[in-house]
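Going by the order they are written in, the chains are A, B, C, D, E, F, G, H, I, J, K and L; count residues from 1 in each one.
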Amino acid sequence: MSDHIYKKIELVGSSTEGVEKAVENAVEKASKSVRNMRWLEVNEIRGHIEDGKVAHWQVGVKIGFTLDE
Amino acid sequence: MSDHIYKKIELVGSSTEGVEKAVENAVEKASKSVRNMRWLEVNEIRGHIEDGKVAHWQVGVKIGFTLDE
Amino acid sequence: MSDHIYKKIELVGSSTEGVEKAVENAVEKASKSVRNMRWLEVNEIRGHIEDGKVAHWQVGVKIGFTLDE
Amino acid sequence: MSDHIYKKIELVGSSTEGVEKAVENAVEKASKSVRNMRWLEVNEIRGHIEDGKVAHWQVGVKIGFTLDE
Amino acid sequence: MSDHIYKKIELVGSSTEGVEKAVENAVEKASKSVRNMRWLEVNEIRGHIEDGKVAHWQVGVKIGFTLDE
Amino acid sequence: MSDHIYKKIELVGSSTEGVEKAVENAVEKASKSVRNMRWLEVNEIRGHIEDGKVAHWQVGVKIGFTLDE
Amino acid sequence: MSDHIYKKIELVGSSTEGVEKAVENAVEKASKSVRNMRWLEVNEIRGHIEDGKVAHWQVGVKIGFTLDE
Amino acid sequence: MSDHIYKKIELVGSSTEGVEKAVENAVEKASKSVRNMRWLEVNEIRGHIEDGKVAHWQVGVKIGFTLDE
Amino acid sequence: MSDHIYKKIELVGSSTEGVEKAVENAVEKASKSVRNMRWLEVNEIRGHIEDGKVAHWQVGVKIGFTLDE
Amino acid sequence: MSDHIYKKIELVGSSTEGVEKAVENAVEKASKSVRNMRWLEVNEIRGHIEDGKVAHWQVGVKIGFTLDE
Amino acid sequence: MSDHIYKKIELVGSSTEGVEKAVENAVEKASKSVRNMRWLEVNEIRGHIEDGKVAHWQVGVKIGFTLDE
Amino acid sequence: MSDHIYKKIELVGSSTEGVEKAVENAVEKASKSVRNMRWLEVNEIRGHIEDGKVAHWQVGVKIGFTLDE
């Protein structure tokens, strides 16, 4: 286990519901092309405002996955 | 569209419910005096603890709005 | 009140539900051995991914409490 | 001179031409309502891409001005 | 108390005497137009040098105040 | 629009002319394999020096593009 | 001397007098339970404002002490 | 040479031996799919602990390679 | 597994041999009073110089361990 | 080539024309006393404002040069 | 005035009295070999602890001076 | 001892062997012109890649030395 190599990719997920849902949307999208995802790191929380309200959340996330399988 | 000028203001919203609600409270408050808000950036998440529990969330947020209309 | 001394400890809470719950779990755990907790600062939001989904959230949090009572 | 007080405001200027022009647009806009501007600090350089080209530059800038006159 | 909204403004105070006095000068100046100031955060300590000596201190400070009263 | 997912890639463009041209070279190169680019973020400005002069500029840039089309 | 191990703890000291006194209050408090303190690192300077004046200073400080005696 | 474009990817290498070996493992893995690698930047050093000992090192590394050949 | 709580402590290990050995010395020292250590994060690499040579390495490290057993 | 030692110095160049010219002015000045300059890193972009306009740009730059020839 | 070039050097001053005096000691020392010093930037505040008290303050400071006279 | 003044210089050492050796090469080089070096701080770890392997390590290091003897 000590010699695994991981790659990180950086996504921005968005959602009208909240921070966690925006991240989950990004992970779900990534799951269609990346296997063996292991962890995520949130690095930015932003939001889009329309008509004086938060219209949707945009959350930057790095996703780490195993390269060696 | 390429020559818009935006101003950012920095608020701290709070809520007993959670991070998103604290931000929404800040945006709602700002909407009473600022028009044309476009986006927000969360820059700090804190909380107040009372009796060993999170009593309310305090979330720092920068809000960007258009200056040119 | 102006001469209080506070200590900060650093925890990582986790939860399958979301960011706030992970923090609350950390605060609840700390409440068993630390009294007079006053505030928290979130300094890291991560998550564990299993089978292409966010399995649980891991949130780093600094907790400040009064030393002087 | 040693007892001046300055205030900083944060703007985002944009321009199709480049970084300096985006900053100058922000300063020009600010000059309509703020007097006694003294200095600026660039804190972010972004750009909007359309059709595979940089359509305009967006530059975050803090502007300091004297409060005491 | 959990639903307060705060605004932060950013000032630079200066003083020939020292860091604390520069901050106090900024706070005093702000008190003429802002009510309900609650806290400050020092984010930069600089100084102006003349004739090989520190002529005055320049201290960047963010000031938070309540918006809701 | 609120459920878009974006990916960010990190490039370093270079140019003998200046910062903007180095970024534009990176964006042009990326446009050959990436569609739907939306924005860029400059995160590093460096330069190569030869014979006591700036020979070319090297600018680090993150480029965000839509994943969902 | 090269194989010493140090531990760092994080405190916040406060004082009505100024930054140095707030740190000294934190160090004095720590001296009641920690021996062999060696150095400190200031990582945050804040203040509490009451009635438009700085009421007291709050200074975050990390304190390093030897574990091996 | 002044118009090269580089891409950076982010990996995490691991090794039971040490920091350099963890990086070399990441570079070796990358060499199987990426050509023209030019430089690396270490951005994180972590380790996994088992039974009170460092079981393996995990080192985050950005790798830059030429896009234009 | 999703509801574990971890605590982080911050140590500085030193060694005449190198960075990894300084970390291992810190972990070994911690193992005498802390059980269930899981991971470490290096946050600072310094060294002491004597007679124009590196006499020993000093490495700051955060160590995370499980609180819940 | 692998055993070169470099020194970095930190300058601030200024120019009425723009960011690149301010850097080039700093490099040109340095070239009068430093040989074997290899690269530069921009670490700060500021500007001086007079009469509501950017009067000149001030750009902080680190310059690396070879020590071993 | 717009084409001045400045150099920055980095010192650490110390003093038993406090932060400002430590900086002033550094500036006074620099004044013996550097002319035309213009400004300073504090970048680190540390202290040495002896017998449970702050024995002296150590303050990191960057000093900028004009190169062109 | 409390009134020492230190100067910091910034070097980049390189080595085919590893991080520590790159630092030691920088310190050895500095020792030819600087006396009374006291400590070092690593601020950057990079590497040069050739033929898919780490060809040499490049480590940025700040070195502090006493000015007052």
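Keep in mind that, in the parts below, a contact is a pair of C-beta atoms (placed from the backbone, for glycine too) under 8 Å apart; a residue touches a chain by one contact, two chains touch by 3 or more.
Only a predicted model underlies this, so the values are computations on that prediction, with no experimental measurement involved.
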Note to self: Once the contact rule is applied, which chains count as partners of both chain D and chain F?
What the structure shows: J
Check: In terms of contact pairs by residue number, which of E-K, A-F or D-F shares over half with G-I?
Finding: A-F
Next item on the list: To the nearest 5 degrees, please report the angle of the rotation taking chain B's Cα atoms onto chain L.
Entry: 180
Check: Hey, how far is the Cα centre of chain A from the one of chain I, in Å?
Finding: 30
Margin query: Report the inter-centroid distance (CA atoms only) between chain F and chain K in whole Å.
Written below: 38
Margin query: Counting only residues that touch at least two other chains, what does the list for chain I look like?
Written below: 9-10, 19, 48
Item checked: Every chain pair in contact, whichever chains are involved -> A-B, A-C, A-F, A-H, B-C, B-D, B-E, C-G, C-I, D-E, D-F, D-J, E-G, E-K, F-H, F-J, G-I, G-K, H-I, H-L, I-L, J-K, J-L, K-L
Note to self: So in the complex, the part of chain I that touches chain C is made up of which residues?
What the structure shows: 1-10, 62, 64, 67-68
Next item on the list: Could you pull out which chain J residues touch chain K in their complex?
Entry: 9-16, 25-26, 29, 48, 55-56, 60
Notebook entry, point to check: Where on chain C does chain B make contact in their complex?
Noted result: 19-20, 23-24, 27-28, 30-31, 35, 37-42, 63
Check: Okay, in this complex, where on chain C does chain A touch?
Finding: 18-19, 44-49, 52-54, 57
